[in-house]
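Provided herewith is a single structure, encoded as structure tokens, for subsequent inquiry.
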Amino acid sequence: MTDPADLAERVRGGDLRLHELEEHADPETAAAARRHLLETETDADLETIGDFSFSAGDADPNVENMIGGAQLPMGVAGPIPINENEEGGSGAAEGEYYLPLATSEGALVASVNRGCSVIRSAGGANARVTKSGMTRAPVFRVSGIAEAAEVVEWVEENTEALREAAEETTSHGELLDVTPYVVGDNVFLRFRFDSKDAMGMNMVTIATQAACDLIEDETTASLVALSGNLCSDKKPAAINAIEGRGRSVTADVTIPREVVEERLHTTPEAIAEANTRKNLIGSAKAGALGFNAHAANTVAAAFLATGQDAAQVVEGANAITTAEVKDGDLYASLSIASLEVGTVGGGTKLPTQTEALDVVGLRGGGDPPGSNADALAEVIATGALAGELSLLAALASRHLSSAHEELGR
Amino acid sequence: MTDPADLAERVRGGDLRLHELEEHADPETAAAARRHLLETETDADLETIGDFSFSAGDADPNVENMIGGAQLPMGVAGPIPINENEEGGSGAAEGEYYLPLATSEGALVASVNRGCSVIRSAGGANARVTKSGMTRAPVFRVSGIAEAAEVVEWVEENTEALREAAEETTSHGELLDVTPYVVGDNVFLRFRFDSKDAMGMNMVTIATQAACDLIEDETTASLVALSGNLCSDKKPAAINAIEGRGRSVTADVTIPREVVEERLHTTPEAIAEANTRKNLIGSAKAGALGFNAHAANTVAAAFLATGQDAAQVVEGANAITTAEVKDGDLYASLSIASLEVGTVGGGTKLPTQTEALDVVGLRGGGDPPGSNADALAEVIATGALAGELSLLAALASRHLSSAHEELGR
Amino acid sequence: MTDPADLAERVRGGDLRLHELEEHADPETAAAARRHLLETETDADLETIGDFSFSAGDADPNVENMIGGAQLPMGVAGPIPINENEEGGSGAAEGEYYLPLATSEGALVASVNRGCSVIRSAGGANARVTKSGMTRAPVFRVSGIAEAAEVVEWVEENTEALREAAEETTSHGELLDVTPYVVGDNVFLRFRFDSKDAMGMNMVTIATQAACDLIEDETTASLVALSGNLCSDKKPAAINAIEGRGRSVTADVTIPREVVEERLHTTPEAIAEANTRKNLIGSAKAGALGFNAHAANTVAAAFLATGQDAAQVVEGANAITTAEVKDGDLYASLSIASLEVGTVGGGTKLPTQTEALDVVGLRGGGDPPGSNADALAEVIATGALAGELSLLAALASRHLSSAHEELGR
Amino acid sequence: MTDPADLAERVRGGDLRLHELEEHADPETAAAARRHLLETETDADLETIGDFSFSAGDADPNVENMIGGAQLPMGVAGPIPINENEEGGSGAAEGEYYLPLATSEGALVASVNRGCSVIRSAGGANARVTKSGMTRAPVFRVSGIAEAAEVVEWVEENTEALREAAEETTSHGELLDVTPYVVGDNVFLRFRFDSKDAMGMNMVTIATQAACDLIEDETTASLVALSGNLCSDKKPAAINAIEGRGRSVTADVTIPREVVEERLHTTPEAIAEANTRKNLIGSAKAGALGFNAHAANTVAAAFLATGQDAAQVVEGANAITTAEVKDGDLYASLSIASLEVGTVGGGTKLPTQTEALDVVGLRGGGDPPGSNADALAEVIATGALAGELSLLAALASRHLSSAHEELGR
């Protein structure tokens, strides 16, 4: 029988190492021992961190050196009608969706919710995944450019063999294409996979490793790193903003002028102007890859609620917002180039995250495979569009009221 | 007395709106009513989301339309010795730090922890905040470039008046400088403040508004948006990667060759090569603003644990990792250009987040003001450096073992 | 019979407009009339501008409102041995090349020439075009994302019809692929063509227009601009740095240590260090798309000498230089992502430019078509690599001598 | 007495090296000898290259290994009225300007000239230099971040001493500021100078070297490269697009609706739409630093005509074009962030270039110093704005006519 305090003492004494506790106790006890140790070593009282609602054992694939749980407030926005009034082909999402949002930033959920309400008044939004594929781009070292050209040629001629090697490692993933990039004696190969309803980094990494093994066997290239940063995972990178990673998804809505005026207290013209000066020209001058107001806010909150990878908020900020006056009404859109989401695997299996995916109605694998993750991407993009509308309207109405004041002087 | 089910029914019936529940019930009950509504409207069972450990009322500044809490596993890495062996001036952090990390990505905490262990074996890391300042950049409309030049001139001549106006709104914040950027009939002014131990967005936004009021009073410029995206908040943008936002912070370490070989099973040369090919050349080819392996992972996990803004992980990914062989040993560094952290305000007041800050030993205002947030930036940067070392070593040792295999053939 | 002075007087009097002179006089006289006008209206004496060596009539496709010629000094660097010692497949260039360079920047030709000399001492360079294709990316307006998805689908299903329409307009050009990008109600289609030995902008623009006509006929999309800036022509843009435009070309060389020491007065290590700190880390921090020392210098001078488009120097600066120590020797490479060159058409038909192409030995169409432009790209890249080596060595040797001084203190 | 053929033979025989010819003959003969050599070694006939109008001796500071001259057709656009109707403060340019343009791209001069004509009809343009300063950014190596922080502190405390050291080397240049950037063990210092009427690279490089000597004397930092690429010279880099280099200059114009309709055959609305979809949204999606249609075309042609550095066209492409409808009229602007121009030094002393500067009326030093280069920047920016207007109108009118056709169906 193990006592957390005893275990903590053994770690402090150097008898055990912090990460070895699970070898000597069940996961809950190990976590308790770590809390005990930290409480002794620091001034912290870890009562709330220790009061978590998931099973420490179940969280084992998600964390090491576990001490407990972090808790964030969760709100909800919606319902948001998406793709309801389509005549021709349609998106993956269809119907009304609630979007759970975990955040500590006051006013965010209210902002998104106000936008959702306006979208409802406008008859709903449309959304589409326009490109899809999870990538991994290893870097190989060759002797020089002559050899690089030969390796690239080999890869282009043997894509089928690479596909076979890669797909042997996965029951779901499909290799879509391999794009070579050469820089001196470096050959980068960007593998792009259809990872269905999984975000797919693990699947894709394993499958790419198998393809790399084949390349090393058959060519003179030597693998230096399974990720050569042309993937590009969790780094702001133009390659993702341009070519996409995960889902490239757009949501849009046309809001009648009277709705803009009555609900948002501004005009389509004022919103379009704010968008052009701030999101287009301002971002241009900032050397940005993100031409939006605060898409990352909604993406982050939705990611945290539904068990996505929080560090991939970086790619989720590669988004362009447009706003224009069409026949007197406001047309607005948000296009996220690289939204990396899944409805299976990773953090989606944790309890609050599972429940949140149930709120959206998109937990687990879709039918056909991939359709749930597609739909989730469309829902998050629409939620982020709602957040854009709300913030732009706030800026524009302030501006308008200020203009009114000026006239009143 | 209010029953959640009754309230939910009134929302469903259109009698109440989702965000009005707090007007008719206490915060806990309002959240319960929303859960009830969602459980009825969807297939979700929100038991775990409802089982949270903070007070719904206390979370009111952090969320709206609250339904409960999201829970993420939290682990811990460390201890990490930082700035212990300094002779001259020193950083804000000094001593050994534990770093709590909230994540659902398996292997992340283990990776960071391994890196911390290697840093300990190397005698500790150094870290410094080299630049500091929270920014807000409003955009003004003028009649054209002639007027733009006049407005810019006015601003440059009246910086002192702008400072007074701005600082009247805050007891802590100090205006550091105002940098003008002109694009056609748009004048952007990037206000930079010392926000002390607060991340500072709110403080800075309010103070900038006051300065904008003065500009609108005294010049012909009209404010279009209080944020003109040259700030740049929660968007990947070169202006942050170059000029910084929040803290610009670097951590570095020199690891003796024998430690690299024995603990990381590779060589300084192999790590330097992997870093150059992947983090420098690969990121260059990707059109990146982030030249690192996975700094965003550590930043995100530390942000979630300690109550930072998850969407600002975007800026936290603007980081450059270097690795080189110096006198046979490995010198490695991580420089994050725009790490936006605070030890007061925002999500830092939530219970698990407060406890996590206590684990780091950096909760609340520092002495002198700003020193706690500086130290937190240094600790996170060092943790992220540990994660870089661990991943680079994994790549390099795999490569090395593969090279050995080749020799064995 | 027309007198320049009389014509100039008629322009001054408002009887004729400046651009109408060719309707009333032969090209030489029209140019003389304009010079006369300018000499009267300003303090200029245009004697040298009027003393040009090409036929005003022949220059008609290249300029309007002609007043004469600009003259730039032209030097020559070389010979540069390229792809001489290949065993397997080889590049387009093969043999020794002289590279003419037109410039007003003192020391540039000397710098490139010194690099060429070192490359000769090292046994020559290798060079390869690793990707090729001239692009044009029109932007279409659609009603929204639902329609955008349909248009993209139509394009993907009708690429063959687009190819036929496009290729009907050209005897040489071949459509390689069409890549769609969607942003809200904008559909961008990046058409990529093999333009053989022509730089190809004109050919590609005409062919793309034909394809756009078909799209407008068959879908609901409306063409807004034949160039939607995803091409991207004459703008610094990551899409070119990543995906290439014109030729993606790499040149490399391995320089024995003794050559580095004796000829460049430095060491492989010092050059590699300077390259990493300046071209990789410095450019990373600058938010750059160009990770080189001064590739644009050589590109610009070669472009001006050989009749390329001077504004496309912008894309020619999207280049990455690498330098590393391999087995004690120096391996260096330069990879230009988007070098837009031709050996037929445009400015290549002007007299001094034609002669300069003869100096390189690559005037006119190649056999097979495209091989001359490929070879020219390889020669320019190798010349630019020579310039990189020379400048890096100058930096490193200064550094070394300074280090020696320090030791001597 | 030296015969070119004999000299060429001696080079071919290895008795002389190509760059040593000036030691054995006058500059004209040396150039003739090189032409002779190239004519023998290749199939080229260099008659036109040998028929140049400048003195070979005078061109000595501009080129080495000279073989003759490159000749490009030169046209002229204008006159362009700039800053004529100002009430308050004004720009550096004032009056009507002709802009000489050297190019081989057909239609370019016509396009710019049409735009100038429209600007005249609109009553002229305004233009302003809003920021000015030539930069050089050396990179220093330090032992690590602790030392880096100390060096930065020393620099900040000793800016006055650095100014003295730098300004001792120049009679004109003034150090404006020094901005430090730290990446690991690299310290970059961006020196910014007022270089008056000179483009200033040489002046600034020499002055920065003097400052670096002081830093190496007084601190532990070691200079690795006098240019650390944060300058950033001749590379596409966000730091220039954001912070400027050389002159940051904007030109703008308001064109009455009837002028747009009658002269450009389109509407303000159509031009604004084309600009938004192409120059703003298209460039955003391209990961661009240039948000314009073809500013580099005008910049390149003006640079070649007036003796600027052709490779700095790279920075001249960092430009944003805006277009909007204001009270029914068209407001359009072009803001070039980093236009590097001079009216003294470098290529401005060559004969055709001197004459071209006389056409603009801006040759030599201005009164006050710097005002000529400021004015030249304003003229070039206005010319480039004219080119933008012309191209946007061509796109929009095509679109309009096509729309008319549709209505006619």
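Letters A, B, C and D mark the chains in the order given here, with residues in each chain numbered from 1 onward.
As a convention for this text, contacts are C-beta pairs under 8 Å (C-beta built on N, C-alpha and C of every residue); 3 or more make two chains touch, one makes a residue touch a chain.
Remember, it's a predicted structure, so these values are computed and weren't measured experimentally.
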Between chain pairs B-C and A-C, which one is joined by a greater number of C-beta pairs in contact? A-C
Just send me the rotation angle from a CA overlay of subunit A on subunit D, rounded to the nearest 5 degrees. 180
For the pair subunit A and subunit C, the C-alpha centroid-to-centroid distance in angstrom is 38
When you check subunit C against every other chain, which residues touch at least two of them? 181, 183-184, 186, 238-239, 241-242, 273, 281, 283-287, 289, 291, 320, 322
Complex contact set, residues of subunit D against subunit A: 238, 241-242, 273, 276, 280-281, 283-287, 289, 291, 320, 322, 324
In the complex with subunit C, residue positions of subunit A that touch it: 83, 86, 88-91, 126-128, 130, 144-146, 148-150, 152-153, 180-186, 238-239, 241-243, 248, 250-252, 254, 287, 320, 322, 324, 331, 333-335
Where on subunit D is subunit C touching in the complex? 18-19, 34, 38, 41-49, 51-54, 59, 61-77, 79, 98, 100-110, 113, 137, 139, 141, 181, 183-184, 186, 188, 216, 222-230, 232-239, 241-242, 273-274, 277-279, 281-297, 299-301, 303-305, 307, 309-311, 313-314, 317-318, 346-347, 350-353, 355-356, 358-361, 395, 398-399, 402-403
